[in-house]
Each structure stands twice: as structure tokens, then as C-alpha cells.
Amino acid sequence: MNYVANALLAAGARPMMTDAGDDAVQAVRAASALLVNLGTLSSDAAAAIPPTVAAALDLGLPWVLDPVGIGRLRARTSLASHLAAAPPSAIRCNGSEALVLAGEGRGGRGPDSDTAAGDAAPAAEGLARRHGCVVAVSGPADVVTDGRRSWQIASGSPLLQRVTGTGCALGALVAACCAVADPFAAAVTAHAWMGSAAELAATEASGPGDFAWRLLNALDAVAPEKVALTATIR
Amino acid sequence: MNYVANALLAAGARPMMTDAGDDAVQAVRAASALLVNLGTLSSDAAAAIPPTVAAALDLGLPWVLDPVGIGRLRARTSLASHLAAAPPSAIRCNGSEALVLAGEGRGGRGPDSDTAAGDAAPAAEGLARRHGCVVAVSGPADVVTDGRRSWQIASGSPLLQRVTGTGCALGALVAACCAVADPFAAAVTAHAWMGSAAELAATEASGPGDFAWRLLNALDAVAPEKVALTATIR
Amino acid sequence: MNYVANALLAAGARPMMTDAGDDAVQAVRAASALLVNLGTLSSDAAAAIPPTVAAALDLGLPWVLDPVGIGRLRARTSLASHLAAAPPSAIRCNGSEALVLAGEGRGGRGPDSDTAAGDAAPAAEGLARRHGCVVAVSGPADVVTDGRRSWQIASGSPLLQRVTGTGCALGALVAACCAVADPFAAAVTAHAWMGSAAELAATEASGPGDFAWRLLNALDAVAPEKVALTATIR
């Protein structure tokens, strides 16, 4: 939560986070977009998510689902399937999580993916068509699809896998971009932004320790409207 | 919690943190001061706070209330009003939160303030007189008042708003200073310490990413007994 | 949790963390080793630990107990005593915590130790013999014992005490090493690895703020098979 909040602040957004029941339903009324992240899901948070999503839908807010670690963990897998059908404006996940949501896989080992984003692209496209939402699958080459169009963003750095919370920060960035753009453009922009920032940070980093804070500096320094041009039609 | 703990360690204090019921009541017996921070309030923590405050009062410990995000969030707003009447040795808040506690506002947008500290100064002075406690309101120019005296501390950096947890770290620093000084001197010193450290960190930082850790270095490097002299009578 | 995850990633391990009930039991099936850390123990986590340990034992997984802050806090002290008898493959603790587990002390002040590792060595050796497990006690000179052999690792830096989570990261590193070595070799290696990394980070750090991320870089840079040779027979 701390790194995600700092990434949003670096990107110019205003985070407000909670894992407590009533708070979330009330906080969403002041929000421009909602992110539901299933990582380290407490029982408080699990109970708070469905009414919070209902409140966001009532308000017409865009919202993004990040189904962290589904597959092995039954409670969050079943919650994620339920939420995907709401549907969200966008789903942000890795290859293994996309396969689980599409009913084609059993999940990765913990929060990591055992499936490349490209290999999960057909499943992601089917998922996007079924739910009528954008699906973004992260990996060395990210795929963003709405079921009709599929774009690929090939920027990034292997150091992203060496710092916890970078995937969650990307999901939060998709949600922040959804506040000011349609979900497809938002997801492409967020992935290109994070990828370009990671490349910039990696050129200066000595290891994973300074890559983490250099990535925050780079999210602040990189102009999102420029990097979105680096995405290509898949 | 992580950044606050590191700020306290950098400042030379010894943090002990919990959000679990019985732990807090027992831990307070080993403490020199208590901080009650209402941010990301779990149901565990909400239930644990009143008996923990009662234990601190029994022990004659100074304690500080940081009513993060009150206004929109009903549960913590009502808890904060109840706690303010205990009363604490000091309340550390932003302008919007001061207005809510004084019954004059509906709160900011999430953890941020929509009200300058100076604009909230009359409300803070009334609040300090009503409860007989120190009230410190953070902003570009901080205000610290006990209802009779009001001091202003104008140091700081806009980068403080770009790193999550810096406001919470300031509340914790007020509590740590309350362990060794009266609450008014403690609050003035803590705000001057954080403000001077932020100015030092900002001169070296390339962005919000390295500002965060440079601020910890600066809390370690700055001598609090010197910076308190930078406060002025408002 | 964030710093511990980043330390494991820097060391080349793959962390998966949760404090939610059923998640932990299911997640352990994908794991190579289990760490049970009692710091900031929520009621969710406290309930989840015994069945998670039972699941790890069923699977024949190595597991490590880090009894953070026991002594003053009754719930976690009683849980730690119960867990120590399971027994774990290794217990990672500080001097005060070792004395509490051995029935000889009342605990330190919060997460800090009031007892040097060397002074707690006889208690640690008795504890290791009683439970048939490895006991590692951290301090300026760490002690690792299985009740027959006691090794000492004298590397490290005082800056380790100025950054929260470094002790927890060491416990996690012991668990990660237990996935690929016997518990005694794992504990010696993890302590030598962390100690050497801390020395390397301290030579470059300006203060506690950059020591934290330089330590992650150093965990990545230091080769564990070399540093284990720095341990000596006590």
C-alpha cells in the first residue's frame, strides 16, 4: 500500500486507501476512480469490496480490478470471478491471473506469473469480450485489449520483478488514468508510462534497492502523453 | 506504519507499533508516550484505541491524536471527536481536519487538506481552549497553539506532500518529543525539526523518490534544539 | 512486510505474504519454506498461524519462527511458546526474546532487545536442546546454535538498528536459506549474508535513509556461499 500510494503521488494523482468496511464505501464518494486490489486481502477488506464496487457503479465511477495472486487462493479467486462480471472498466493482471479468470489455468506461484503476457493474450481477448471491459496483461511485453483491439507495450525492465508493489502500482496507475481517459487509452498510457519510467530508472540504478525510488522519480519525470506513442498494435 | 517507524528511528526514538487489541494496552506500559493515528483504521485497531488511551491516561503518559482523514469517514470522525475530549496532550492535524474537530467543516478530500493551516488557526485556538490541549495544524506554514499562545513554523518543502506518511511521521515526532518536553514545546520542536529536515532533504533530492529517504537522513542529521528557534509568534 | 518482501527479492527468493486465514494454509502448498513472524499480529493472523504451521509440517516444509516482541505482549508470548514446541526448524530472535522463550526473562522494551546475544547464548543452547531445533540470536555478535554446536557471526552494522524491518528480513532470509540447506547451515549463512551486506551498505550510506536501500542492493550483490566462511565456532 505504501509503495502504491507513493507511485500515485509521484504520478500526480491523489491516493486515498483503506481496508476497512464502511470507510471504503464513504471514501469512494470523493474519488474520481476506484482500484480494487486483492493482494494481502484481510477479512475486513474482503467484506468491504462488494459494497464499495456497488457504490462506485452507482456513482458512475470507473473502476479497476487487480486480482493479485488468484488461482491457488480460493477466497480471492471466487471474489475475483464475481467482481470481473460486475464488470470493471479494466482488469489489470499478469499472465497466470488472466488464465485463471478465463477459466483456463490454476494460477502462478504466489504473486508471480508462470505465463508470458503474449501467451495469455487469446484468453485476455476472450475475457474482454465476455465482460465488455478492457483487460491488461503485464509481462516483458504487456498486452492491452478490449476484445477488438489489442496493443502491445514492450518497454520495462527486469528490475520491476525485483521490487514488491510495482505490479500493484501499475494497477493503481491504470485506475488513475481511467479518471481522465477512456479505459483502453488509460490502460495503454499507464503501461507505457510505467514501462518508460522503469527504463529510465534502470539506466541509473545500481540494484533493486535504488531502482525502487528511482522509479518513483521517473514516474514524476516522464510525460505520459508522450510515452503512450510507444505502444504498438499487436 | 513503516515510514513512521523509520522516521522515529532516524530521530532517535524507539517505536513500537500495533493495530491489535490487547497488544496496545500492554505495550503502552513500556512506552514514554502514545500516538493514536486514525489512518487506514482496521476494525481491530478501532476497538483497541479507547482502552489503550485509558491505559495511557492511567499511567500519566502524554499522548497525541492524529485524526487522519476525518470528515467524510463517519466512524473515524466520531471516534476522533470522542478522543479529542479525553483530552490528548496534543492534536496533530491538517487544516481540514481541524475544522471538522471544531465543528466547522466537512473534511478534505481523503488525507489531503483543502484548508490552509492559517485559515484554520481560529478554529484550532478554540479547539485548544475547549479541550485544554495543544493543537498543531500542518501546512505550508504550520500553526501550533494552546489557545493562549500561537506560534508559526514556516519551514518545510512542497515535496512533503508528494511522499505518503510524512504527515503521520510528524504526528509521531510530536508524540516522541512529548516524552521529553511539555506538549507545546514538543509540538513546536517537532514541526520545526520536520520542516528543517525537509528543507535540507529538498536541496539534495532529484524527485519524490529520493526525497523520502533523504528526509530520514535529515531527521538524523538535524539537531532539534537548534531548529526550534526558527518558530515565530503568530 | 514491504521491506521483508524486498529483501527476499533482492536475495533471489520469491516471497508470498498474507495475514489472512485460509490464504496462508493454501499458499503454503506452493512454498519451499514458511516464515511465521509475530510482529504487528492482527487477530486474523493469530488465528491463521496454527493451521498454517500444521499444513507446513504435513508437507514436510522447513519453517522458521520469529517471535517478535514477546515478553510484554501476552497473546503473542503464549502463541510463541506453543509454536516453539511444534518445533520449528529454526527460531530467529533477539536476546530478550530468547530469554523469554527459555522461561528466563520478561522481554525487551518493544521490538528491541535489552540483552546481548552472547548473554543469551546459554539460554538459546538450552532452548535448542529442549525443542531439537536451531536457535539464532541476533545482536552485534550473532549466535547460532543447535544445542551441540554454537557458531558466532560478528559482522553487521549499528545502522541495522536504525531501520525497521531488518531483523524481520533476517528471519525471512533464514527461512529462504532453509529451503536449500539444513537449518543450521541456513541460519549461519543467512546471518553472515545479512551481516556482510550490512557492512557493505554502511560503507556507502550517509544515514539510515539510504542505508535501507543500500542494504537491499548489497543483499543482491553479496554471494552467500562466500560470506558464510566468516562465521566462527563460539
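A, B and C label the chains in the order they appear, each numbered from 1.
Please note the rule applied: contacts are C-beta pairs under 8 Å (C-beta built on N, C-alpha and C of every residue); 3 or more make two chains touch, one makes a residue touch a chain.
For clarity, every value in this text was computed on a predicted model and none was experimentally measured.
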Exercise for review: Specify the angle of rotation obtained when superposing chain B on chain C by their C-alpha atoms, rounded to a multiple of 5 degrees.
Suggested key: 120
Review point. So chain A and chain C: same face meeting same face, with over half the numbers shared, or different?
Key: different
Revision key, fill the gap. Cα centre of chain A to Cα centre of chain C, whole Å, reads 33
**Study point:** Shared interface positions of chain A, touching two or more other chains
**Key:** 2, 42, 212-213
Check your understanding: chain A touches which residues of chain C in the complex?
Key -> 1-2, 5-6, 9-10, 14-23, 26-27, 29-31, 42, 44, 212-218, 220-221
**Study point:** Complex contact set, residues of chain C against chain B
**Key:** 2-3, 40-43, 46, 69, 72-76, 109-112, 161-165, 206-210, 212-213
